[in-house]
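Labels for the chains are A, B and C, by order of writing; each one numbers its residues from 1.
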């Protein structure tokens, strides 16, 4: 291989299973995961787009060439040009800059929802699965109630009740996303509940909390992470839907769904107003889906 | 000194109408340093007895004494640490996502022990594994090595008793020999008391001083090692199991040899 | 055993290779043996290539495997050149296989009675009713007490010992001249094992056919088989008459024998096998 000396040394060190420290063992599995990610073009494409989204969101002030909130009615509804790559909207704001700032909103919503939902879903599902009995029955009935509504309808109902605004949208979306995670965590927990290594920990005196956190979490984590990644796209779409209906981010905040919504009045004259944010929503949700599918292959313990 | 004393022990699974008594009224005891064997065919209740002794099965009646202390259905941490279970399947008994070091650290954390790394190194040495194995994951180990890890995990809390549930039946004979030797060494060095479950009477006779022969949840006979080796066991079922560990008995050859004058 | 010289199967210098990501693994390395009208045991540790050998004879190896041999002759059939169609007519009829778990060899959605009847119809051109009677008779032959009940059971409803008897009952009808049994009794308790082996023994001796008995249990092979092939890391290290196993010469065989705890010759410490790289050279 045409690798330089240090690189191939590093490669050998990472690939060797003859570990001399736990750091090497951890890096080894990360490295193997990275290699299988590169080996899977679709997943890697998803990964690259997600990475791009994060970079764009982080560097928004640098990337955006115009102030996303600066209105200039003289420039309203201009077609894409060298000055305004994606044209301008009805208030004369630069669509490209708003798109870049919109990436922040999108990322903010998805990350916040995920942070809220992952622990709640896991704790409810794993507790139900591990303890069983009436705890299981009660927790799962509650989950079923939430599951029985279509998620957009539920999110609509909650954000209508909580009032418009991005924080309320996050809460409303989170309320619709946790039940499938809880179901998944419960199913995974049930498969390990009676494994010998769990019994061994119980017989050494480990309590419920310790078993759930130390023993069940590492086993459930891969499938939950995969599920959350796949869920990102529906979070983005729900957020966009709420934005579109005026229940999510409020003007003048840049949000892709709201941008598409406000552009629909000018659909025939200014196609870019709806098309550009629409494509952004589509691309990012597709990217999360591809990444999630790839992660499933990489992280599933049954594959390795 | 009596380490384990079980009297009129009966164990069942399930509740109400579906309750099933799997172990029916067995009594036995094991002295300190002794190895007591349980043999019988699959489903006769061997693992269930170990489960009751270990604190896994809580639906039992009768009495259990460990080191003179009467044990109830609920146990304290200290009571749990006195005896440790080693499972049959070395592939299912170690957490697949924990390194060996993590697996061995876990019991130390639960019991708040000090000098953790030192203890881990000692126990790895005791079971004959290289120290750097602590950074490995179980899938990088062979069946025999995993069973050594399982024994190390059981030993790290310095228990008085090891409950061994068919510890070698998933292993090749050559590996079985290594594990049986290891168990013999550990018993002498650490003054351990064993309860050894097996379906192979030869394995049991190799390690045990006394053996209970089980059939459908009860003991048919408690034989000494001497009786097994001298072939002076009393119960016909014990004989059948002894023949089984020698291999196949051709009925034709049997008939032919019976026909010949002695 | 009667007429051992009558060779059923000849295998000369057979190797089986698996291409893997890290290179080619040779699971079976240059093995040669013959099987006559006798019970031949193949013994070795797990991973020594016993099952791979058995499957290669049936040409049931996974598609990526590469089988090489100078000669593989089964009666009048050259197993190297036989077409897949010929192999299909040989499998189950002229060479039969018994696996450790009979559930994998039986069709899960047909009752065992229907499956045996099908074999009867295929081999004896019998009517449905005749086939049913023959099947019940065969189930009785393999010491199944209430054949009427067992006839209507599905494979997942029968115990391991019962499943093996059902497999053997099919062989009573198909009358193969070679049976390959891959750990047929490893999952069974000793009493059931004894019953199954007795039936298998009767079948082989009465029909005067060949049996390849794959096992990891030295005592079992020693007492059940006529001849033993000892495999180590894909190689045949020694072939010996079962009765003379105690006089085995190869250090690997000796190592295995000494590692075995025994009721008849108790030892304080079991001998641990010391693997010699020289065993891999041949």
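General remarks:
In this section, a residue touches a chain if its C-beta (ideal position, glycine included) is under 8 Å from a C-beta of that chain, and two chains touch if they have at least 3 such contacts.
Predicted model only: the values in this text are computed from it and were never measured.
If you draw each protein chain as a dot and join the dots that touch, you get a simple line with two loose ends. Chain centres computed from CA atoms place C at the largest separation from chain A.
A comparison of C-alpha centroids places B closest to the centre of the full protein.
Here the two chains linked by the largest count of contacting C-beta pairs are B-C.
Mean C-alpha position of chain A lies 54 Å from that of chain C. Rounded to whole angstrom units, the spacing between the C-alpha centres of chain A and chain B is 48. Separating the centre of chain B from that of chain C, both taken as means of CA atoms, is a distance of 32 Å.
Those residues of chain A whose C-beta lies close enough to touch chain B in the complex are 17-22, 24-25, 195-197, 199-206, 210, 214-215, 218-219, 301, 304. Residues 45-46, 189-191, 193-194, 197-198, 201, 205, 216-224, 255-256, 259-264, 266-267, 269-273 of chain C are the ones that touch chain B when the two sit in their complex. Looking at the complex, you find that chain B touches chain C at residues 41-42, 172-174, 176-178, 180-181, 184, 199-203, 205-206, 228-229, 231, 240-252. Note for the complex: chain B touches chain A at residues 54-56, 77, 80-81, 84-85, 87, 89, 92-99, 101, 106-107, 110-111, 132, 134-137, 139-140, 150, 153, 157.
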